[in-house]
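Below you'll find a set of structures to go through.
Shared between the two complexes below is chain A, which pairs with chain B and chain C, respectively.
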Partner chain A sequence: MDSPLLPHGVKRCSTWAFFFWTLPWLALLAWGGLSAFLCLWKGLNQTNMSNVFAFALWIVFDLAVIALGAGAFFTGFLTYIIGKKELKNIISTAVIIGFICYSGAMAMLGIDIGQPIRGWFIFWHANIHSMLVEVSFCITCYLMVLAIEFIPIILENRKLEEIKELRIFGHNLHEIMAVFAATGTFLSFFHQGSLGGMFGVMYARPFAAREGFYIWPWTFFLFVLSAIACGPCFTILCTKLTEFFTRKKLVPDSAIQLLAKISAWLISLYMVLKIADYLGWMYGVVPRAGLTFESFFREGPYGVYLVVCEMIFCGILPAIILMVPKARQNQGWLIIACLLNCIGIVLNRFLFIIVTLAIPVMPFDRFWGYLPTWQEWGIGLAVVGYGFLLFSAAYRYLPIFPKERELNPITE
Partner chain B sequence: MTPFSFEWQWNIEYIIFFGLLYIALGIIGVGITFTVIKTGLQALGFMRERHF
Partner chain C sequence: MKKGNDHGKHKYGMVINIDKCTGCGTCMVACAAENNVAVRADQSDKERTITWMRLYKISNGKEFPHTEVSYFPRPCMHCDHHPPCVSVCVATATKLDFNTGIVSQIYTRCIGCRYCQAACPYGARYFNWWDAFPQDKGMDRYLTPEVSPRMRGVVEKCTFCHHRLMRAKTLAYTEDRRELEEGEYVTACTEACPAQAITFGDLSNPEHKVSKLIKHPFTFRLLERIGTEPKVYYHSSRDWVRKLGDNFLPGEYTPVVNQSWAEEEWSTKPGRDEF
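And then the complex of A and B:
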């Protein structure tokens, strides 16, 4: 039915098979739509957010997807600025994943702020000393950059390419992509960093507070580093998932291995600095606040096991796997390492957001616990559904894997 | 006050913050405008189209 829209020389499933594939993701979107409607109509009382948990599931999702989407800017930086030609085979995938992550995060923030019609206040009444204002400005601008990077990929569609003006526009955009990639790198560096810096400057909450350099706490740099370490791993994971579902090889091993190797060095450096950060915090910030490391996990649902998981199982372990060439060349180990790396980043963001707020700051206060409502899960999972839908449509209608034809010749 | 900040003040912090923002927005705007103009010229035949 939609065969005139499919790319040349590649095989795709039937329209019906594609329709059935989209149903679960449409169901997630419908659940999210209902949740969003309830939140906008009845207010944020539909959530378990409170004066204690002003940041909750949605912010965990936001920070996690923004870190996972960092593969877009970092792969763009490596491809267009550093000149790693192998990565041209995976850059479109990275851009689409980045676009999904950032647009999903923005949509979720639209509900999170309670009154989306006042969303523009943050731009008009900008508090320039606020890390969140910097994040808002950079994320908005970066989403524009991602949209611009996405346009040439859309214009490569078989039918759209027949329109001369659009084809020329797409080619011309592609020619100056290095400029947009550089702008995206600048914007991403600052918003990834400021998301971390925001927690580091919470001096009244010693669990999150950190020392730092000039106005930037160490968390500023650690968030940037963790994002560029896990972003490529998430891109690899999405590619491998697409290869699994389509039963095809879509990206040459050279591109995957290069990304995995770069990620290995970055996550290793991140782990060294993160361990130093934990030690500096445990023997510096924490005792100065009259506390000990154990006192943060004295009560409540969040134990020290979260830190152990973050650092050892989802930090040091994937770093070792990715650093060993034979291990990362093995498909199974590569996927496990990438998955652990991504889980580690989500855990890190969870610790900074939820656990920080759950720990009391007053002697008479108590440890808190937080469980999201179905409306909060609905909106969070809608982003997952949206991601699957957009990526599936992009794979079906656009030539996002340049080597697909070569790696999977059609034999009639 | 500038068109883009109601509480604008003439001090270095505002100039750096908004300066960087305007630079980023400027690059995006100029990049898109340049591409649109170049596309128009090429489509109308005033400029040679580059083939990949």
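And then the complex of A and C:
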């Protein structure tokens, strides 16, 4: 039915099969749509957020998807600025994943604020001292950059390519992509950093507070580093998932292995710095506030096991697996390591958001716990549904894997 | 934000005598009524109700008959040094007024991102999870005309009854005065406390009682070592109460009563009972 739209020389499933594939993701979107409607209509009382958990599931989702989407800017940087030619085979995928993550996060943030209609106040009445202002400016600008990076990929569609003007426009955009890659790198560096800075500057919350360099707490640099360490892993995971569902090899091993190797070095460096950060915090910020590391985990559901998981199982372990060439060349180990790396980053963001707020600062206050409502899950999972839908559509209608034809010749 | 803010002449603050506080809750009620604080049919969900002034019950943790109970009334601390909520606000909806020391909140500018709530260690900021007042119950007739009610989706907090300061200033101007007398401007909680546990005034005016009270060795602030420099002070003669005002590592807390200078300075001088 939609065969004129499909790329040349590649095999795609039937329209009906594709339609049925989209159903679960459409269901997630419908769930999210209903939740969003309720939250906008009735207010944020539809959630289990409270004056204690002012930030909750959506902010965890936001920070997690933004970190995971860092593959876009970092792969762009490696491809266009550093000149790693192998990565041209995966750059389109990385850009689309980045676009999904950032646009999803922006949509979620729009519902998360109590007065969505006043969202523009962030830009109009901007408080330049606020890290969140830096986050908002950079994310908004970067989303535009991602959209610009996405356009030439869309224009590669078979039908659109037939239109001469669009073809020339797309081609010219491709030519100047290095400029956007550089802009994206600059913007991403600052918003990934300021997302970390947001928590590090909360000096009255000793669990999150960090010392730092000039106006930037250490979390600023650690968030950038952790994002560029896990972003490529998430890109690898998405590619592997697409290969699994399509039962095809889509990206040459050289590109995957290069990303995995770069990720290995970055996560290793991140782990060294993160350990130093934990130690500096444990012997600096924490005792100065009259507290000990154990005092943060005295009660409540969020125990020290979260830190152990973050650092050992989802930090040091994937770093070792990715560092050993034999291990990362093994498909199973590579996927496990990428998965652990991504989980580690989500855990890190969870600790900075939920656990920070669950721990009372006043000695006579209590520890708190939090469980999201179905509306919160609905909106969070809608981003997942949206991601699957957009990526599936992109795979079906656009030649996002340049080597697909070469790796999967059609023999009839 | 620069260190050592160049304050104007006034720096309003309060001293709450915990030894006098009975935990009756009148301050909470007076505050809510005065400031049009939203109420719900069920106020038991303490994670989401709004209580600008909140009472925390504390205990010395000992078994009967040595058990002691006390209360921490907790308004906004109006932090004087780099208030954690001010610098984080995205839309400049909250500000430290250097002429009064009051940390304000502009409800119509707040976008409801709640970053300020996350940054405040005192839990003094509240979000409007619901529409403030039922439209059809006639509750608007009970509203204070000087205080704007808040809309759903914005953060609010104690303002040290800022409208009372405006009222007192207006009155003074009409009488051709440029300065307020002590007691002309006090908060609703100060006025309502039946035990007179709250003293309110200008901390930078040496004539005001608060500026003397804050020098007393029994006076302390909440989470002082974090460095927010609250303008709400507490006063208690009991060590276990003072110790609960901050976090201390083992051996860090030094009881005040053991300091001989305190005994000399404060225990033997006439007029000690004033404190």
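The criterion applied here is as follows: the second predicted complex is superposed on the first by the 412 of 412 C-alpha atoms of A that agree within 3 Å, B and C clash if a C-alpha of one lies under 4 Å from a C-alpha of the other, contacts with A are read in each partner's own complex, and residues count from 1 in each chain.
One rule holds in what follows: a contact is a pair of C-beta atoms (placed from the backbone, for glycine too) under 8 Å apart; a residue touches a chain by one contact, two chains touch by 3 or more.
From a predicted model like this one, the values you see are computed outputs, not experimental measurements.
Peer 1: Could you tell me if A:Ala204 is touching chain B, chain C, both of them or neither one (first, second, both, neither)?
Peer 2: second
Peer 1: Have a look at where A:Ser136 lands relative to chain B and chain C in the superposition and call it first, second, both or neither.
Peer 2: A:Ser136 sits against chain C, while chain B stays out of touch.
Peer 1: Based on the superposed arrangement, let me know which partner A:Ala126 touches: chain B (first), chain C (second), both, or neither?
Peer 2: both
Peer 1: When the two structures are overlaid on chain A, which partner does A:Phe55 contact: first (chain B), second (chain C), both, or neither?
Peer 2: A:Phe55: touches chain C, not chain B.
Peer 1: Touch check for A:Val308: first (chain B), second (chain C), both, or neither?
Peer 2: A:Val308 contacts neither chain B nor chain C.
Peer 1: Kindly classify A:Phe169 by the partners it touches after superposition: chain B alone (first), chain C alone (second), both, or neither?
Peer 2: Touch partner of A:Phe169: chain B, not chain C.
Peer 1: After lining up the shared chain so the two structures overlap, which partner does A:Ile148 touch, if you call chain B first and chain C second: first, second, both or neither?
Peer 2: first
Peer 1: Can A:Val272 be said to touch chain B (first), chain C (second), both, or neither?
Peer 2: After superposition on chain A, A:Val272 lies in contact with neither partner.
Peer 1: For A:Arg288, decide between first (touching chain B), second (touching chain C), both and neither.
Peer 2: A:Arg288 sits against chain C, while chain B stays out of touch.
Peer 1: Which partner, chain B or chain C, is in contact with more residues of chain A?
Peer 2: Counted on chain A, the partner with more touching residues turns out to be C.
Peer 1: Show which residues of chain A both chain B and chain C reach, each in its own complex.
Peer 2: 124-126, 129
Peer 1: Please name which positions on chain B make contact with chain A in the complex.
Peer 2: Its residues touching chain A are 4-7, 13-14, 17-18, 21, 24-25, 27-28, 31-32, 34-36, 38-39, 42-43, 49-50, 52.
Peer 1: Residue numbers of chain A touching chain C in their complex, please.
Peer 2: 43-45, 49-55, 112-115, 118-119, 121-122, 124-127, 129-133, 136, 198, 201-206, 287-292, 295, 356-357, 361-365, 368
Peer 1: Hey, which residues of chain C end up touching chain A in the complex?
Peer 2: 1, 47-48, 56, 58, 72, 82, 84, 87-93, 109-115, 117-123, 125-131, 151-155, 222-223, 225-228, 244-249, 252
Peer 1: Per the contact definition, I'd like the list of chain A residues that touch chain B in the complex.
Peer 2: 123-126, 128-129, 134, 137, 141, 144-145, 148, 164-165, 168-169, 171-173, 175-176, 179-180, 183, 186-187
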